[in-house]
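Letters A, B, C and D mark the chains as written, and numbering starts fresh at 1 in each.
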Amino acid sequence: MQELGKAEHTSIRVTPQGENRVIVEKDLSSEEMILNMGPQHPSTHGVLRLECKTDGEVVIEAEPYLGYLHRCFEKHAEMVDYPGIVPFVDRMDYLASMNNDFAYCIAVEKLLDIEIPRRVEFMRVIVSEINRIASHLVAIGTYAIDLGAFTPFLFCFRDREHMLNLLEWTSGARMLYNYILIGGVAYDFPKDFARRTLEFVKYFRPKALELQKLLTENEIFVKRTKGVGMMPADVAINYGWSGPMLRGSGVEWDLRRVDGYSVYPELDFKVCVPDGKFSDIGDSLSRHVVRALEIEESLNIIEQCLDKMPEEEGFDPRSAIPKRIRPKAGEVYGRAENPRGELGFYIISDGKSTKPLRCKARSSCFVNLSAMKELSLGQLIPDLVAIIGSIDIVLGEVDR
Amino acid sequence: MGESQESVSRSQEVEAALALWEIVHAAFPDAVSALDENPFMPFFEVQQTERWREIALFLRDDPKLRCNYMACLSGVDYPEEGKLGIVCNLESVGVHAHKIAVKVYCDREDGVIPSVARVWKTADWHEREAFDMYGMTFSGHPDLRRILCPEDWTGYPLRKDYVVQESYHGIKVPN
Amino acid sequence: MGLLDAKISNHNVLVTSVDNVLNWARLSSLWPMGFGLACCAIEMMATNASNYDLERFGIFPRSSPRQSDLMIVAGTVTMKMAERVIRLYEQMPEPRYVLSMGSCSNCGGPYWKHGYHVLKGVDRIIPVDVYVPGCPPRPEALIGGLMKVQELIRMEQIGISRVEALKKLEEKNIDPGQLIEDARKGAMAS
Amino acid sequence: MSTGAFLPNSFPIVMSTSLNAWSDALSEYFLFGLPVGLVILAALPLVFIALYALTYGVYGERKISAFMQDRLGPMEVGKWGILQTLADILKLLQKEDIVNKSADKFLFVIGPGVLFVGSFLAFAVLPFGPAFIGADLNVGLFYAIGIVALEVVGILAAGWGSNNKWALYGAIRSVAQIVSYEIPAAIAILCGVMMAGTLSMQQFNILQQGEYGFLHFFLFQNPIAWLPFLIYFIASLAETNRAPFDIPEAESELVAGYFTEYSGMKFAVIFLAEYASMFMVSAIISIVFLGGWNSPFPNIGPLLLNDWTTGPVWGAFWIIMKGFFFIFIQMWLRWTLPRLRVDQLMHVCWKVLTPFAFVAFVLTAIWEIYVK
């Protein structure tokens, strides 16, 4: 079974330059069919809709339709004041609320030009890295479901619960935390947080390995994802890809390293890119592998942060929060590395009101998904599912 | 975040942007404005809107610039000036370490901005979103349709004078 | 009551026990449609997953509306989605139930005031049987809501309408938390 | 080979000792001139399918998958959830039976019926122990393989009649898959037939009888028998649409495959048919390669394990247990592996399994003619 699928029809493999694109010959009996995938479909990760033109199993063209979860974030951002936006930001990428808050707070703090206590920075990094692991686990789990393996999904969710418990213990909410505030965080860590987090890290390391054995190294999984949805690096940059998607194409681009915001410059972590031995650089498998490797890196970051974090008795994490948040006139583009890529906020302040004049969220999924049309050309329907899964979209962030 | 470290990196950012702007200004002396040297987001404005695509291509392809990555394209409404605009955050990934923002304006009613969807493919959806929310047209866009709101939605929601429609397909919209 | 929606005016012992058996069957195998819309969908998935395991109650998600009995509207319903929700609801076979999960589908939630594109409550388009508040509701809350649906089914009889059953349910107010507690105690005892 | 190979004295339960005694007796039973016995004969496998699908098929699968996934599975409906499947069936009975307007009503309605009849008819030649078989045809195995293929018609009717694109995709995929995998499966079975020299299901069992238990099974009689055994097992997964070949009902791709549009009782019938054919292929593999209703235990000196565990009731026990064992492996694979892509599936069939099946065929022939 080692050679299983080796002679896959190379004519169907697509590279975006288009030299290997499948050309469906129009003979007399062939007829195109329009297949409407979604908005309620198990593999579209929510309410994405794809209108596929198909010829048999081959997708000639897939046009994504968005907006089924358009919740008017930008309108709300203009209607409520700066701290009031945080809960809405939470609900954008609901799998990684902490990271969203972090990105938003970075943008506003840049505008306010305030200094954050060092301990708060560490706390922010810890919670957002925990949330990054949780988010990657959902991404990997749902990807497994897309490819037909149900058990890894449940393993992922089982381990995710531990992280949710940690974050709930810290912030009081299971999913949408509203924890990172402008200028600080809502509460100090509970007593013993460090010990329990380290316990979790110790528990989770073998589980991550188990997941890797069950899924990533599975022969069928590799056959299903290797070489599917190829995206060369330059095209990926042109499409504005970021995060694990861009790194999957072999570009070492991580905002934690490039921008070096917060305390990331002090931390020792690797920017994960595929080495091209296990996967073809730029395919779905690479993107999956990058996520799997990042889980490991995030665990390292958490350990380092817990080690370096200054301990202070009676620390008030809200001490740096301004009494009245009214930035001076100006505009800013602040961004941070979300589990799905670059999450940026473009904020205009008029200097007079406590509400932003404009707050645009540059969501990573939205941008990553825009390459869907190109990626899907000439693929088979099962590959289409594999590609959507590898993009790891969260519709809340795509549609905002 | 260390204050001193941050201010150093910021000024570096502005310096890089200034060097970038000088090259663009030399190539298009009439079309671009002076650089706004604010520490958060240095930007310049495109004064001849119709030359925006040319400038964009130059920004992307000039070997000294190579702004190959468009981080963000946001539509903005300026009701006082009677204008709509877009703000593009550009960056060079893997080649140079500089970034800059560009602003392009158009009229509020029936405004047209040249599309850069063929320069940066990511601009395709961003421009569709700006069209959806603000209603400016992007000339030369391959597929300019609404992206988030339904096709038959009335009005442009993010304009400051937007009024929500009463019902959509028989369903009451406002609360 | 679908096929059995015949008018039976006087309830005797026989009809009542048939009722009980049929109701038991329906409440023991509620197959929800995996209808994840937004944030709540993740909590719904978490409830289906190992830690909360809805399958204990015989609830396991089907992806086709034709084979499902219960629609869990998990998340924000937007204007663009509204017509699809109606269509999916109509595709479900009777007897069908709707559980509105989370503030967004209950009433629009945080998007109540400025959400021009958000439907302010899924009950504006389809009839809702049970509302579960929360943003998002915890898995325990969802399980509580599902127990409420089970209670509603238990109240149903051949010949009486859903509205009357709902009224009966309101009269007989049952605390879902207590139900879970009782079930747990029962499981511990056995 | 005669029926004299039985050891009459070793039967633990005093019953008629000759082959097919129960079924022969039943078939001669007439009540008021009506062939009641024949009806019972036909009804028994049906009852078996229903019971097995209710208990082991659905409930067992849910429990097994739950334990593999750190869950509990059905717990609240009856003690440990044992009434879960009963509740499901009762509920499905009450559901509205939807036939959509644009469906081809005739095909839509007969689809599940054909599907079920196809898999049920094969049970006619399945020996449930030495004393019971529906019809001891001399071409029993051939008949079983042939009649199971009737399912394809039912699936195609269901998928086409639904007038749903997902159902159509599911049906076409399923038909392509089943028809393709018939070939390696049939060739692999032919290897077993060559070893036995017969097509009769009962004869297969008798030939694998002996005091050394499992050593008489065809799997261990021939150094290359494991090859057709594996080929047939893999092909049988594909024929019954089980993972990793479950692409016709791939939930994440095709919603629910060819039964997307089915609700209520028709859906239950489709499920019943699926579980029936799962048992059928498992029974065939255990009859052809693993001795069917023969006890796997050998006689070790004074411990007459083989003799003690042989008899009509023991026979039924063994064949059902062997079937269940293979179904368990099917479930195990189902909850572990991702699924293949369509073209990879066809690749496995035509470029891997079929050539190897031919190789196995030739090698078995050589072994049978020149070595044995």
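Keep in mind that, in the parts below, a contact is a pair of C-beta atoms (placed from the backbone, for glycine too) under 8 Å apart; a residue touches a chain by one contact, two chains touch by 3 or more.
Chain-to-protein mapping (UniProt): A = NADH-quinone oxidoreductase subunit D; B = NADH-quinone oxidoreductase subunit C; C = NADH-quinone oxidoreductase subunit B; D = NADH-quinone oxidoreductase subunit H.
Since the structure is predicted, the reported quantities are computational estimates derived from the model, not experimental observations.
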item	value
Most centrally placed chain, judged by C-alpha centres	A
Inter-centroid spacing, chain C versus chain A (mean Cα positions, whole Å)	32
Inter-chain centre distance, chain A versus chain B - centres from mean C-alpha coordinates, in Å	24
Averaged-CA centre spacing for the pair chain D and chain C, given as whole angstrom	38
Centre-of-Cα separation between chain D and chain A, whole angstrom	45
Chain B: positions in contact with at least two other chains	148-150, 157
Contacts with two or more other chains, residues of chain D listed in rising order	69-71, 251, 255
Set of chain C residues in contact with two or more other chains	50, 63, 80, 113, 116-117
All touching chain pairs, where touch follows the definition stated at the start	A-B, A-C, A-D, B-C, C-D
Interface residues, chain B side, partner chain A - complex	1, 3, 9, 38, 40-41, 43, 68-72, 74-77, 87, 89, 93-94, 101, 120-122, 124-126, 129, 133, 146-150, 157-158
Touch list for chain C against partner chain A, complex	33-39, 41-43, 45-46, 49-51, 63, 65, 75-76, 78, 80-81, 84, 88, 110-111, 113-118, 135-136, 138
Contacting residues of chain A [partner chain C, same complex]	39-42, 46-47, 67-72, 75-76, 79, 87-88, 91, 94-95, 138, 153-155, 157-158, 160-161, 164, 174-176, 395-396
Residue numbers on chain C that touch chain B, as the complex places them	79-80, 82-83, 108, 112-113, 116-117, 119-120, 124-125
Chain A contact footprint on chain D (complex, rising order)	65, 68-71, 165, 169, 243-244, 246-247, 250-253, 255, 335-344, 347-348, 351-352
